[in-house]
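One structure below.
Order as written gives the chain letters A, B, C and D; numbering starts at 1 within each chain.
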Amino acid sequence: MANFGGHAIPGTFFLFYGFWLTVKYVLQHYWRTNQPKGRQIMPPFFKRMEYIEGGFTIFASFVGIMVEQFVVDGPHAHLYDRQNNSWVKLMNWQHSTMYLFFGISGIALVASNASKLVPTGVDRLALSLALFVEGFLFYYHVHSRPPLDAHIHSLLLVAVFSGSAGTVLEVFLRDNIILELFSGCMFILQGSWFYQIGFVLYPLSGPVWDLNLHANIMFVTMCFCWHLAVALLLVACTSSVVWFTVKRFSARGRDIEIGMRNTSSKTSSQKALLEQSDEE
Amino acid sequence: MANFGGHAIPGTFFLFYGFWLTVKYVLQHYWRTNQPKGRQIMPPFFKRMEYIEGGFTIFASFVGIMVEQFVVDGPHAHLYDRQNNSWVKLMNWQHSTMYLFFGISGIALVASNASKLVPTGVDRLALSLALFVEGFLFYYHVHSRPPLDAHIHSLLLVAVFSGSAGTVLEVFLRDNIILELFSGCMFILQGSWFYQIGFVLYPLSGPVWDLNLHANIMFVTMCFCWHLAVALLLVACTSSVVWFTVKRFSARGRDIEIGMRNTSSKTSSQKALLEQSDEE
Amino acid sequence: MANFGGHAIPGTFFLFYGFWLTVKYVLQHYWRTNQPKGRQIMPPFFKRMEYIEGGFTIFASFVGIMVEQFVVDGPHAHLYDRQNNSWVKLMNWQHSTMYLFFGISGIALVASNASKLVPTGVDRLALSLALFVEGFLFYYHVHSRPPLDAHIHSLLLVAVFSGSAGTVLEVFLRDNIILELFSGCMFILQGSWFYQIGFVLYPLSGPVWDLNLHANIMFVTMCFCWHLAVALLLVACTSSVVWFTVKRFSARGRDIEIGMRNTSSKTSSQKALLEQSDEE
Amino acid sequence: MANFGGHAIPGTFFLFYGFWLTVKYVLQHYWRTNQPKGRQIMPPFFKRMEYIEGGFTIFASFVGIMVEQFVVDGPHAHLYDRQNNSWVKLMNWQHSTMYLFFGISGIALVASNASKLVPTGVDRLALSLALFVEGFLFYYHVHSRPPLDAHIHSLLLVAVFSGSAGTVLEVFLRDNIILELFSGCMFILQGSWFYQIGFVLYPLSGPVWDLNLHANIMFVTMCFCWHLAVALLLVACTSSVVWFTVKRFSARGRDIEIGMRNTSSKTSSQKALLEQSDEE
């Protein structure tokens, strides 16, 4: 999908996914740090979040594959054209393959929440593999293109492979909030960079970029760092907002909870006090 | 062995080895998770499995070396031809070297099971080294070949080096089921990719592949990802089947065991009960 | 800033920062090792040190950005020149971007000291990112320059990326004095190497270096190792001096502290003694 | 030192050092595994071994530097020839630099044994740095040489950098016998490969090797794997021999020790028994 929309759609998805991960991880981190030592079981609310995420990932991947296959100029599930002895629309097939692996990561997420038998960390390994496959296919994708086009895509790979490396570390270092926010940040970076690629290669307005000018390559490299800075800022702001919102709500919720507990446990605690005073 | 068979034979071996590792690791994982904390010693059944695996690896490596050396057009253990001042059949010697390291990994597996003195993890280090040597020799092997031939072999290296990296991590992170299944998956991927190489370079039927066409390289890259997806699916299915089969059998077995224990320990437990009632 | 001063200024900063880190880490290590198990809270003195460091980093980065932008031949905050259809002073913009990320690392340091909600390790991740971005921009910076110029800058990258890798490890392995001193050492090495670059590319006196001579490249490579040796020596000496100075002062301080504690706790301890003697 | 001797001398050193490390690590491992939990202090015998190793490394490095500098055709401590405007014998200076870092690693070993203030792991970091610097200088050393010459040196780098990576891991994973034996193995591999380089580039007898023939490069790659196999075998044999020798001696020693303890502690134990019987 070599047009602006073809880059804006995945960009939007990755941006939203990055924000979603940030919110989810901050909520889980809040729960972990504010929990007494005894209770370690995640509340059903988090499980439901994971199911929704997994289900949505599977659905979006399926839709993505269908669109790539059955769009007007798509391959319509034909891989090889025997008449012309050539492959049919390999680009669409490659995109379908990328979606397939994100779909697999969605299935892994649902499975690891549905059953305790699935070893912890399979969901992260699957997500890391999905990112790896995306980067792997892009790597051979950008071969023999004009310098700026190749460079701007290889910068995308920095975000993709960093995200993949961060996510695979989460398999071994569970519940590390820094790693989790880092992978959220890399998704946001990837999303905003997709938009940037769209703006550079298919400008909506203004002059066309010279794909061979060295100064453009230098600017784009620097621009990637700015995107990274903005992604860091967005993750920091989102985390803070989520944290303080939850804190305010949970403080109110706890007051209610404590109130309820007080009325229910008054009798027993009064008894205990009476017994204590007897012993003294 | 530049023909289809020369790729199908190692492919078959790696496929079987991948499945074997998956089954073995799932069985061990089942044992670990269903064991009470007290008993930590592996039952002799697992030891016997390791001996069989080690013995078979040694045997297969030995046969492989012999075949590579004494096949009709082999080097017959001659390394240097003084008359022509040239090396004799270096390709066969390289394959023999690969087999040698898999043989060493078999010896390490047997040794680490036979004696407690051999430090834990030596077997995994030896297996990782065997994969590393295989990849290392292949890496210099594919030099100066047509693009598709070089590319399809370098994709094999992705599976080989990933497997090597995963296996070397197992030296430090023992009994991590995700790492174990990952290395099983990489063996299956390697095995199925050997078949793919055979089909591409020495097609049994249909047209010969153009080794210089860029579209072929793009297709083959994508095809590697499909093999990976299938390998993941196979590992997931095999694991589930093994797990539930063992669960059903062990449930039945435990009933029998508990039944036997009941009859045998009745007297002593009745005694204990009697003594208890006496004390009260 | 393609002159000697343009390399000496960042060199001086990195040198000082390296020494500062060494001193800070040795002081913290001294505190950790000489503390009884019970007290684990860092004294306010260390917090103040971190605030000063963070504040200074933010200030220096801000000044750096302003200078790069509003220097006489700077871009004056103009990025694109619409009249000539060209980017304005991309080099200055790149340097500003580098400073920006060091500024972010300063903010992260202040934030992680000011609030307990900021997860531990965010400061190190931000510092590592700042180094990574510096190296990343330099990497594309040195493209298409004479061999010696490119080589001497790529040697700088060895120090930068090693420092980045060491610092990111500190996120996961907190309070590891070896990692901490290593990252201090890499900053010193980076600082002294900036000076070396200045001396080679813009010699203050003596003949101009031939930028294409292979012998010069060989010498410069070796010279980098000498800088490393000197940096190791400097870190070792600084650490020793700081350690023994603190030891002497803290020994005197402890005598005073013990003296004060004695007078203040005499009454209670005498009481306790009296009670003990009563019981016997 | 471009002759056979110039490769045989460092080869011999590395071979011996590899064996020494293997023996030392196996002895320490034996001590660790056969020790009751209470006693954790290394006996003075190990400390003395470390002092000897460190002292020898410092001495050998010093001699190496001196020889490289003041050999007949050496630079005699002159770095730059102002008359010819050229560097003096850069090769000898590079070798001196390598020796310098091994000397530093010797100093680190002595220091970390002499004082408890030196953080644990500094000796391994210094050794890893020495190997890294060796590899780093060799890497730029082999530039623009005939293919076989470059290739045979780059294979050396595999052993050098693997050893460096293994040793740096030991900083964080102390007392891991597998890592320790691996680094011993890499030193043996490096030593034997130095001999191989000598045999190939400066053959003592027989025909001169064609430095451009691809078959030679293929053979040399395979030959490196054979050296690895032999190094593994040597480490395994040495470890076993040392282990069983120590076991036999320590068994005899323990009998004596137990005998001595019996006689010496008889009075006290008899007393204790008497007291026990009194209480009953």
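The definition used in the following text is that a contact is a pair of C-beta atoms (placed from the backbone, for glycine too) under 8 Å apart; a residue touches a chain by one contact, two chains touch by 3 or more.
Treat the numbers as computed from the prediction; the structure is a model and nothing was measured.
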| item | value |
| --- | --- |
| Same vs different contact residues, chain B with chain D, by half of numbers used | different |
| Distance from chain C to chain B - Cα centre to Cα centre, in angstrom | 46 |
| Chain C and chain D, separation of their C-alpha mean positions in angstrom | 33 |
| Set of chain C residues in contact with two or more other chains | none |
| Touch-based graph of the chains, sorted into line, ring, star, complete or other | ring |
| Chain-to-chain touches, reported pairwise for every pair that qualifies | A-B, A-C, B-D, C-D |
| Complex contacts: residues of chain C adjacent to chain D | 29, 158, 173, 176-178, 182, 207, 214-219, 221-222, 225-226, 228-229, 232, 243 |
| Contacting residues of chain D [partner chain C, same complex] | 85-87, 90, 93-94, 97, 100-101, 104, 117, 119, 121-122, 125, 129, 133, 136-137, 140-141, 143-144, 171-172 |
